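Have a look at the structure below, then the notes.
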Amino acid sequence: MGLLSQQYDDGNIVLTSVEGVLNWARLCSLWQMSFGLACCAIEMMAASASHNDIMRFGVLPRPSPRQCDVMIVAGTVTLKMATRVKRLYEQMAEPRYVVSMGSCSNCGGPYWEHGYHVLKGVDRVVPVDVYIPGCPPRPEALLEGWMRLQEKVRDFTIVKEK
Amino acid sequence: MTENLDVLRQGIASGRLKTDELVLNMGPQHPSTHGVLRLELVLDGEIVVKIIPSMGYLHRCFEKHAEAMTYPQVVPYTDRMDYLAAMNNNHGYALAVERLLGIEVPERVEYIRVIMAELQRIASHLVAIGTFGMDVGAFTPFLYCFRDREYILDIFERTCGARLLYNYIWVGGLSHDVHDGFERDVADFIRKFRPTVTEVNNLLNYNKIFIERTAHVGVLPADVAVSYGCSGPMLRGSGVDWDLRRDDPYSIYDRFDWNVIVGDGAAGTLGDCWDRHMVRVGEMEESCRIIEQALESFPAAGDIAEAIPKRIRPPKGEIYTRVENPRGELGYYLISDGSANPFRLKVRGPSFVNLSVIDEISRGHLIADLVAILGSIDIVLGEVDR
Amino acid sequence: MGKTHEEICTYLSELFPDAGLEYDDAVPCINVPPALIREIALQVRDDAELAFDTLMCLSGVDFGDGTLGVVYHLDSMSLRQKLTLKVTIPVAEACVPTVERVWRIAEWHEREAYDLVGIVFQGHGDLRRILLPEDWEGHPLRKDYQVQEFYNGMKVPY
Amino acid sequence: MESLLQSFFGDNILTLLLYCSLPLVFLLLYALLAILGEVKVSAWMQDRLGPMRTGPYGIIQPIADVLKLLQKEDITPANADKFLFNLAPYLSFMSAYAALAVIPFSSQYVGADLNLGLFYLLAISSLNVAAIMMAGWASNNKYSLYGSMRAVAQIVSYEVPAAMVLVIVVMFIGSLNLQDIIIAQSGPFWNWIVFGGPKQDVMLASGHTLDASWTNLIFFPLFLGTFVMYYISGLAETNRTPFDIPEAESELVSGYHTEYSGMKFAMFFMSEYANMFIVSAVTAILFFGGWNSPFGVYLGDAFDAPWLVAVEQFGWLVLKGLFFVFMMIWIRWTLPRLRVDQLMYMCWKVLIPFSFGVALLVGFLVVIL
């Protein structure tokens, strides 16, 4: 998909500054897919409501996966839902990120042992960038996870490692 | 306004308007399905011909867990069913086990339970009202509702340390005593909260467009509601005067003076979306009244843990206990075989039952109405799928 | 308040003398033979003295001793009385007539009992799995249920 | 303006290109401002802060958004009609851009001073419908199709009352030229059409003299109503709440642009905001004096600097336009959404009969006065 998928051998000053600006643009404008699964979705809504206001970070919830950068997997992923989650991820446009919010989507959470219909971790179907622990994580934890994701985007480079 | 639709319907019925049906798949990821419900809509233009709901996208095997866990270990799982009304879920489960064990809980515990359950009811209704507003396209009331809900969560948090899922009401007692200044916090909240209802009324509930969108839409007649087993605001919106807190009293609800809010069809037909919505708005005020009365006679001191049994092994037997959740009748059917684990715990979730009526009341409406109807049913998928 | 279970049982036994209705004091409930559940359901709904207009809950149970059960919790809003009916069937022929047309909500409850416990409801119009995917193996709330290893290529146990 | 550019670059194609691209520069800057305005105004209305981390108080948030959208993968769905799918966003943006050609930004600058300016405006802004239809159809997605069908029905319907309202004003002024309409309102704010139009005789650019007197005040209630009708039709034509039915988030995901990603989505986004400005600017021109200063005097006249007058006029028009854009944002975050049949009812049974009635009345009054 153009510049971001390429690798350059030498990181000269022009390349690194362009890269810096592009990374800055991406991290400042991470649009979130408004997509909630379970209990964590309520905390995700609380994070975008007035008290916590995740939109301070430049987040804009978009309903269509095509226009989103980040998928927050907020809640328990069941086996019936897992294929849909994967499909939604595939519908998103690159560069895309996945935040796994809450114990359930990290590893199955309280349903890890007897939950015959629960996927034990969403990372079994889609690659995850940031894991947020908690059952459910507080909105503050989501904000922290968001900043970690921004760090990750900031450190992205198209210069080949030596 | 519906006469335009009638003209359309007549045209289709008489065959003058040739149409073809279209199947639209709504969900599991869709902004207005309140989670992961999937509706297969058979549409004729924009008119809904048939709805095939399919759920289970959040089936978290609650009943299997209940069989594998000991009685106290089940409590956190009840939280996660109807995650907007965790306190009420806890309450119902605790009642079921207590009745099977035959234990009485101290007075103070009962008071705290009732106050917590009613606060939770307000919090849950706030979410319902806010998201319903969002479904009909008004985004701002949603944020006002969430803002006020945070004050309730703050009280819960000070008491038990959790914001959403509390594991607070235990079999025989509570996990923690209330924090210092609990009564003051709650009274403060009630005082702060009442103006919000007026605000939401002005902004949303009596808005002309909102009434146009919700009145005469999704009319649920009382006999259909009863046959489908609907409960809670869904049933009361249809004009049936039925509230388990009064009609099948549990805990100490019989000590308070409050009204059961019933829909009256003021803006449209009895049992339409607006009625269901306004029942919720009215119930928040009634909950405030219950809380105020409970605070007046609140026992100042007492051990909240004195009735918690050391070992919970109910005798062989079975019981069906029901409580009034914000969404309706939450029933626990508990079978004990005398061991430390429930033998079978079946949950009758109000959302599950209320949702079953969607096909019946949405036929012939437009897609936009379907979204409003779904919002007015106020489902929580955690409880539909369990 | 309304009638007790014992009174209802006596009342129903007069109406259905050959049915062999049993009153179970321990629960309390009335044990109904599977074949008759539909007639009795209609009777208790339409009888003016009983008027059980609501099906509160319908549960499928695996009793673990080779029998399955269906438990009907009924409620009469007008007469303020409750009733529990119980049907017991052997696992081998887990088949009960449907009450779908008596109380509309029974449709979904029965689908759930079919899905999780594996009880087939005769005459049910749309007996599909409701919670689990269509291609799921087994009925999870059976006491002898073994979780399948893989579903759709995804590992099921942790 | 043209002569100024000519003095720098000579009379050649470069001058013309520069002259034409001025509105584009304005459009891009305005879109950034409007997007920021939308998020900030909504945040303030909702007891929030809005973007805070991108630059001071988040003011460069839209720049980050655009830069990010530029980097996004450009998805064309496998089963889409690729040609139409790719053409639609450009067409949509083009129609918005082309409409700016006849908007007089000041007495000195108007892209094309057409005698049929209003007519052109109506025609070119309808092109957007074709783009939306294309997008919805070519996406091969049921939600997109529903969205575009709704949009087309809505926009085409509301063209009728909008055009009717324009006819009313044209009848009153006697010219389709937008500059003429603005000149007719020169002087202090009570000469604006919404307040009954000019109160003394005005010489229009076309050389025709408009006879006017204080009796025009009787038009005040009529034109106030006309203004409200135009603004409502404008809201509907730009698909803004309460008429955002084509992209109703809770019903149709995002309507006709559900399948669009990256810059193509940004094009739709920008053309929506551009259309908002065009409707607002036309409202300002038709009813609120266009680039006329509300006080009837200019700072530039005092200093004898004609260029300052032009800048002031530009400022007044943009200010008035932005005010109406702000009103749109305000309405969006306050009201719920109408339903399709209610929308049509509003158009065919309320706005159209009323606009015809007002047109008759105004025509009658113009003749007898």
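In this document, chain identifiers A, B, C and D correspond to the written order of the chains, with residue numbering beginning at 1 in each.
Methods note: a residue touches a chain if its C-beta (ideal position, glycine included) is under 8 Å from a C-beta of that chain, and two chains touch if they have at least 3 such contacts.
If you're wondering where the values come from, they're calculated on a predicted model, not measured in any experiment.
Among the pairs A-C and B-D, the greater number of C-beta contacts is found at B-D.
Per-chain CA centroids place subunit B at a distance of 45 Å from subunit D.
Look at where the CA atoms of subunit A average out and do the same for subunit D: the two points lie 37 Å apart. With each centre defined as the average position of its C-alpha atoms, the distance from subunit C to subunit D rounds to 64 Å. Each of the following residues of subunit C touches two or more other chains: 131-133, 140.
Across the assembly, subunit B contributes residues 30-31, 56, 59, 61, 64, 143-144, 147 that each touch 2 or more other chains.
Touching two or more other chains at once are residues 50, 63, 80, 113, 116-117 of subunit A. The chain pairs satisfying the stated touch condition come to A-B, A-C, A-D, B-C, B-D.
Against subunit A, the residues of subunit D that register as touching in their complex are 39, 43, 46-54, 58, 61, 63-75, 249, 253-254, 257-262, 265. In the complex of the two chains, the subunit A residues touching subunit B come out as 34-39, 41-43, 45-46, 49-51, 63, 65, 75-76, 78, 80-81, 84, 88, 110-111, 113-118, 135-136, 138.
Contacts from subunit D toward subunit B in the complex involve residues 42, 45-48, 142-143, 146, 241-242, 244-245, 248-253, 333-342, 344-345. Interface residues of subunit A facing subunit C in the complex, by the touch rule stated above, are 79-80, 82-83, 108, 112-113, 116-117, 119-120, 124-125.
Residues of subunit A touching subunit D in their complex: 1-4, 21-22, 24-26, 28-29, 50, 53, 55-58, 60, 62-64, 66-67, 69, 93-95.
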